[in-house]
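Residue numbering begins at 1 within each chain, and the chains themselves are lettered A, B and C in the order written.
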Amino acid sequence: MKASIMITCLGEMFFPEVGVAMVKLLRRLGVTVDFPPGQTCCGMPLFNSGYHHDAALVAARTVKLFAQAEHVVVPSGSCAWMVKTEYPGLLKDDPALRTQAEALARKTHELSQFLVEVLGVTTVASPFQGRVTYHDSCHLLRGLGESRHPRTLLQAVPGCELVELPGSDECCGFGGSFSVRLPEVSTAVLDKKLANVESTDAKCLVACDAGCLMQMGGGLTRRGSRVRALHLAQVLEPGEIA
Amino acid sequence: MTTRAEFLSGLRREMAKTRGLFEARTAERPPDADLVFETVKRQMAERWPQALERFQAEFERVAGVFHRVARLEDVPDVVRAIAREKQASRVLSWHPDALGLDLRQSLGGEGLSVTLAPDDDPDGEARRVHREAAAEAEIGVTGTDWALAETGTLILVSGRGRPRSTSLLPTTHVAVFDRHQLLESLEQVGSMLEALHADPARRMSGAVINFITGPSRTADIELTLTRGVHGPKGVHAIFVEGR
Amino acid sequence: MSETQLRTPFPQRAHAALGDAHLQEALTIATTKFIGLRKESFAGYPAGEALRDRARAIKEATLQRLDQHLERLADNIERLGGHVHWAATGDEARDIILRLCRDRGVRMAVKSKSMATEEIDLNEALEAAGVKPVETDLGEYIIQLAHEKPSHIIAPAIHKTKGQVADLFSKELGGRFEADPEVLTAVARKELRQKFLEADMGITGANFAVAETGTIVLVTNEGNGRMVTSLPRIHVAVMGMEKVIPTMTDLMIFLSILARSATGQKLSSYTTLVRGPRQPGEVEGPEELHLILMDNGRMRQVAGTLREALYCLRCGACLNVCPVYRQIGGHAYGYTYPGPIGILLTAMLEGTGAVKDLAHASSLCGACKDVCPVRIDIPRMLVELREQVDREKIAPWGERMLFGLARRAMASSALFRLGARLGRLAQRPFVRNGRLQGLPFFFGQWTRTRDLPPVAARTFSERWKDLERP
């Protein structure tokens, strides 16, 4: 089984440790991992702000980068969503690119979905210890319809105690550029989320999206919280908790 | 002012620019409304006991008060008891032809004043008189055209001898029904409405059909539920077994 | 919303809302309750999901033959003795009503809740013409006394605490009333009962109009909808042209999911089917019935990007789950319709320019689409509005420059890598305890309230070299 890593722009620059954890995890599960060079961004920030022509150029570039991949694994629900649902439409005017985009959409998977649905793995051994709570990122939950697999994987780690986060399906307030266009509203929404997080007494807050982790993690450290924001990959492969 | 022709031709111009978003169909209608009407009646002739049970449960869930009597003649006793409980004395009733019962005969003269809705062609004076009575009535007694089990809803068609305000202005609404009015689902209601409107012989004598599900309510202040905003504060349904 | 208020930029209006403690409390209580009620209702209704799909299909199919359905509706209403008016704009709709009032000697009109009449600022026009409009829906009555606009599509006064309502009633009606919803409701019942009986005209909206039978459908809870359409001698209904549906069978499908989506009820207390003016033999009912079919920006969207927004049932479910609405409430949006669907409707009614800020008042979380009874893809249309704003160059040049840079960095891995290196250099003065704080320029919008992780000392690509196997 071969898989190519789509590291995402945030993963590349701010959370490389998540990428490294993902690589080690996949290799441990018998997957041959490669990393197509020259990756930048999936283009979602351009798309969401309405710069569709530009987003299409980025999509075309990405599609070509991953043309040879067997499977593409992404540590981010929103980027996986972008590739799977929006790329074909963005490239609809070029039949060849559109076909490639559809192929890429089929073979691209968010990490938890790859583990459970493609690898058929629901139990990943991990020495992680502690109470965790899980946040449903909007694009993974509603865009890709996924809420079960991350929880299944977390619950299967023996030292991990998963408690449900009240309002787990409520937005964290990131929303990409929303977080800086309307920072006050974004922060108010975040405060509501973090109050719920603190109420669980969890040691770690887990999510499958770098944007959410930046927002929630940034809020947690700013308020001096003892709760750590971690990516799912870092719970399953804890050697990479920076 | 825009004419109908101008409005519609503007609309058709816009419609011509698109085929729409996806292939879609409206709801499938019963091909033969009369046949469905008869079918539903036949089904309910058998299934009415379950429907009644369900109706009671749902009606009570929306704060309705359910009563059951053996015969139509027992209805005035229930009304009398409600009047006593509410310390009410002014009763407004549908016309006996519409209700099947003359409450002025059975209740009048016991400290209860009963007004009957007129059923002849009303003139301005008759309307004024009726409006005054309706505004002062404390209990309104009506029949029921359909009782929907799925939601605990009373469906009343307005018309001659069956004014709209009898179930609206008084603080307490009392509706009388029997097994012939029971329906199970909103879907069946739809079929009955199709049949009702399609058949000129079933012409309604009034312009309004009201679906009444419990008393008047609001939660406009802090989402706190209160009853009896403009319409009745209490709704009673009396099921008559014998009919 | 007044002109002055609209001139306040949206972020400022949002800021004011965030600082209003009463509003914040009221919003949390109300939206949380609504969310719970809706969830519970659909959880106990497995048939609901398929019915939502069917409802959506009916809306789309109806639009595909909208002209025929409107004609059928009009023919039927006229056959029953009613009048149908065709208003291209809100101004026209208002003029039709004012003319009717003048010709029929109307001095007082009682109103049942109607967002369509809010949309056209009917009350102000009536007052200016010497006709007294009386709002009878409790929430609308409250905001009319307070000289405010509704802050929620179905619960207009939800931004007020009961204490504020009690104070308002005491001030405007004279007397001292307890901050008890039961007491306050009884006050409204008494005040308004006389008005129903004396009014010359009743004005409503319409939740649906059934083309096949010429029936106007009102979905209400209080009973004022019934009063207003039975007691005054004239009934005027103002309806957006997209509200027509073909048959009674279609109607049942919408009724099965509308109240559930709005308030969690199986059905609202009253669903009223009005078929023309009163019939001979009826002792009550209006002598005249007028239906005003209104375009006011809707027709243009039949073939426009906001076509799907024409499916809207005005249930308010999207408001209740929207993280933005839940924080800032309805008034901050600045227009008649707030919340996610409100942004689309504002663009429909007022043009793209009106939503250059509002189109971004969303984290695109998708909760609205999730709860919409007819599954309107609101996030997609918000993104399309953003695209229009960009295309029409309404977005500020600074933003377009920034996105231009971003685009170039995404198109070239060399530029992207350079960006990371420059970031690492530039961030040095701002790194504290392994986090970025106090950043300048628009990055400060983030770091004012949140830390940011620094650009990693080694990016993933740089670390890959160690991970690569031969």
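Criterion: a residue touches a chain if its C-beta (ideal position, glycine included) is under 8 Å from a C-beta of that chain, and two chains touch if they have at least 3 such contacts.
Note that the structure is a prediction, hence the values are computed from the model and not measured.
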Which word fits the touch map of the chains here: line, ring, star, complete or other?
line
Farthest-lying chain, centroid of Cα atoms versus that of chain B:
A
Compute the distance, rounded to whole Å, between the mean C-alpha positions of chain A and chain C.
32
Averaging C-alpha coordinates per chain, one finds the centres of chain A and chain B separated by a number of Å equal to 55
Mind pulling the residue numbers of chain C that touch at least two other chains?
none
When you check chain B against every other chain, which residues touch at least two of them?
none
Interface with chain A, chain C side, in the complex: residues 11, 14-15, 18, 323-324, 326-328, 359-367, 369-370, 383-391, 403, 406-407, 409-413, 416, 420, 423, 435, 437, 442-443, 445-446, 448-456, 458-464, 467-468
Show which residues of chain B lie in contact with chain C when the two form their complex.
1-4, 6-8, 10-12, 14-15, 17-22, 24-30, 58, 62, 117-119, 121-122, 126-127, 130-131, 134-135, 150-153, 158-161, 163-165, 168, 186-187, 189-191, 193-194, 197, 204-224, 226, 228-232
With touch defined as at the start, can you tell me which chain A residues reach chain C in the complex?
7, 9, 11-17, 19-20, 23, 35, 37-41, 43, 45-52, 54, 57-58, 61, 138-139, 142-143, 169-171, 173-190, 214-215, 217-219, 221-222
Can you list the chain C residues touching chain B in their complex?
26, 29-30, 33-34, 54, 56-58, 60-64, 66-67, 70-71, 74, 80, 84-88, 92, 95-96, 136-139, 142, 155-158, 160-162, 165, 181-182, 184-186, 188-189, 192-193, 196-197, 212-213, 221-224, 226-227, 229-231, 241, 245-253, 255-256, 263, 265-285, 293, 295, 299-300, 302-303, 307-308
